[in-house]
Amino acid sequence: MFSITVRDHVMVAHSFQGEVFGPAQRLHGATFVVDATFRRAELDADGIVVDIGLATQELNAVLTDLNYRNLDEVFPGVNTTTEFLSKLIADRLVDRIHDGALGDGARGLAGVAVTLHESHVAWAAYEREL
Amino acid sequence: MFSITVRDHVMVAHSFQGEVFGPAQRLHGATFVVDATFRRAELDADGIVVDIGLATQELNAVLTDLNYRNLDEVFPGVNTTTEFLSKLIADRLVDRIHDGALGDGARGLAGVAVTLHESHVAWAAYEREL
Amino acid sequence: MFSITVRDHVMVAHSFQGEVFGPAQRLHGATFVVDATFRRAELDADGIVVDIGLATQELNAVLTDLNYRNLDEVFPGVNTTTEFLSKLIADRLVDRIHDGALGDGARGLAGVAVTLHESHVAWAAYEREL
Amino acid sequence: MFSITVRDHVMVAHSFQGEVFGPAQRLHGATFVVDATFRRAELDADGIVVDIGLATQELNAVLTDLNYRNLDEVFPGVNTTTEFLSKLIADRLVDRIHDGALGDGARGLAGVAVTLHESHVAWAAYEREL
Amino acid sequence: MFSITVRDHVMVAHSFQGEVFGPAQRLHGATFVVDATFRRAELDADGIVVDIGLATQELNAVLTDLNYRNLDEVFPGVNTTTEFLSKLIADRLVDRIHDGALGDGARGLAGVAVTLHESHVAWAAYEREL
Amino acid sequence: MFSITVRDHVMVAHSFQGEVFGPAQRLHGATFVVDATFRRAELDADGIVVDIGLATQELNAVLTDLNYRNLDEVFPGVNTTTEFLSKLIADRLVDRIHDGALGDGARGLAGVAVTLHESHVAWAAYEREL
């Protein structure tokens, strides 16, 4: 199995509902350093998993929709946890793959994984098949 | 599949028995930067894999039992390799999950993985299901 | 010249005023990974710059006052830029040094520097003498 | 499942053929920071996955064959992408395992994975069973 | 003293002349992860050292002139060592500061430093005043 | 001012004397990831600060004398703190510079700095002129 991963980041505000979150129930924020991984069993005719330039561009496009936002307004009533956002970004990347934004070859991808680093000591990830 | 990972570290002395270990047969030591990963198929009602605060606290508790120790005394006759310690820490985290120390929701976890970085150029890992 | 550095982090919300900030004028947030450096010309009688345990504890205390906060409320009318926060944290550490919170030996420190990493591709720093 | 990983690097020149590569069609170069992972279900009699010293030595030997080379000359007509090189290095490590270069115990390995970091924001990986 | 630093990277081919370079006399290549630091004694009216967006944009512009190039053709007869390139990039950033590309406020900068990471185990830096 | 830095590591056991060290008074250990920086005002005739191959080799030689050792035996009665070891390694590198081990050109070096990372959250450094 082959994979390529590209990294970008996003800076957001949000708050959480539920006692389990302790002080994170207050409005606060995070930088998420985001790693998006694309997997496939065999390389395409160019010898790549997917065009790394397109992968970088599309990850950046997905993150731009979230960047410098208060997620409490973008997703009212939702706990936009690091886990939730990992899945959201992975799913949006998959939508773009299906739309052809990552090139025709990207339709051969087997899976996508997204990791969000919320600090140097904590991160979350979500992986799914295509 | 979702996961969250938390990082901490531990500083220990030990020595190894067996020619394969070369100069590491002498009493020496290591800082292990420890990443503990918790996996589950679906998020719980709060939108999380497990309470990251509890995960951090319980990893720290497991490491405190080893920290600033000579492992030759704690585990006499055992080669406390990076691989061995990865499994030990993973198993102790699983015990704490079963004891409820990571919260009731943590009983829904699918697996645990532990990575021990012994330097910037070498690390070991162990993963298991619950 | 000797130094020791300890690392911790803080997660905050804030917004900026001024066209130069572009989309960062909106309410957003950041994880700041914070490195606090303590400098002195000679080691103390124990062979250290400062007690690394106390340094870690006092940095954490300074960050706890900011953690999980909306800085627009804590510092109304102020652009709480990464640069501004670097100086704020450095100055508060110096106050604690003068108060004796880092031990009597810490009064021999020559300087303090604080670096705030706002992402994997951008950071700010402030350094001052004591 | 257990694993150990060792890290080294290699510095090469190359160019790519195909419009998808854009400016990377020109002769350019890369530092690849290479992580080689060795997996096995159970530890051997010494309590290890494989001798980390031998693993480091054999990864270095594989990389030395590529280091400070123009890959356009070493692999004429081939797009030596990060993905391609990940597989090449993994396969060469497997050859060395089969040749006994990583020790008799290494014949019990279950799989090998190789990750090549081409920058701080992009990497590729290839994993295979033995 | 305040500073901000932004990170980007560049991928080039080159070779060196001189026995001291050993196998690096052959045509090879490198990824340089580039950190550009901007220093000033006091923050400007917006509370910043320099517009981090402009700093990122101008560093990228300087690197684009070098990216995906064979430096033996761009700088014939020159050993384009990591040290040499650190100074080249710093000097070009200073030119852009003087041209106003980093904003009027940037004319108040006290110094610039550039670090080029050629691998995870080696880097070079150059710093100068303005 | 130019500099180059090379990185290596060392794994040691030791204990500390003095109440300030708390549990670190027990025999424990550490991995120190060591960065050695060499500074000079102007590049030499080859366009370098110092031969990076020789710098790597000599740093490794200095560390080999300490590696896989119990420092309580090597330096009896001494608190081999991270700060102490930073100076020790820097001084030994300077001795090797004076002995010509880093080449004739290295005699033009202006200074040396050594940083020892004892974990992902703590490090010490020592810098001196030549």
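Read from first to last, the chains carry the letters A, B, C, D, E and F; within each, the first residue is number 1.
Note that in this section contacts are C-beta pairs under 8 Å (C-beta built on N, C-alpha and C of every residue); 3 or more make two chains touch, one makes a residue touch a chain.
Computed from a predicted model, the values in this text were never measured in an experiment.
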Set of chains adjacent to chain B and to chain E: D, F
Interface residue identity across copies chain C, chain F - same or different by half: different
Farthest-lying chain, centroid of Cα atoms versus that of chain F: A
Pair joined by more contacting C-beta pairs (D-E or E-F): D-E
Far-end chain from chain C, centres as C-alpha averages: D
Between chain B and chain D, centroid-to-centroid distance (C-alpha), Å: 27
Where chain B and chain C are represented by their mean Cα positions, the distance between them in whole Å: 30
Multi-chain contact residues (two or more partners), chain B: 7, 120-121
Footprint of chain B on chain F - complex, ascending: 7, 9, 11-14, 23-24, 26-33, 67-70, 118-121
Complex contacts: residues of chain C adjacent to chain F: 1-8, 43, 46-49, 51-53, 56, 103
Residues of chain D that touch chain A when the two form their complex: 16, 18, 20-22, 78-84, 86-87, 120-128
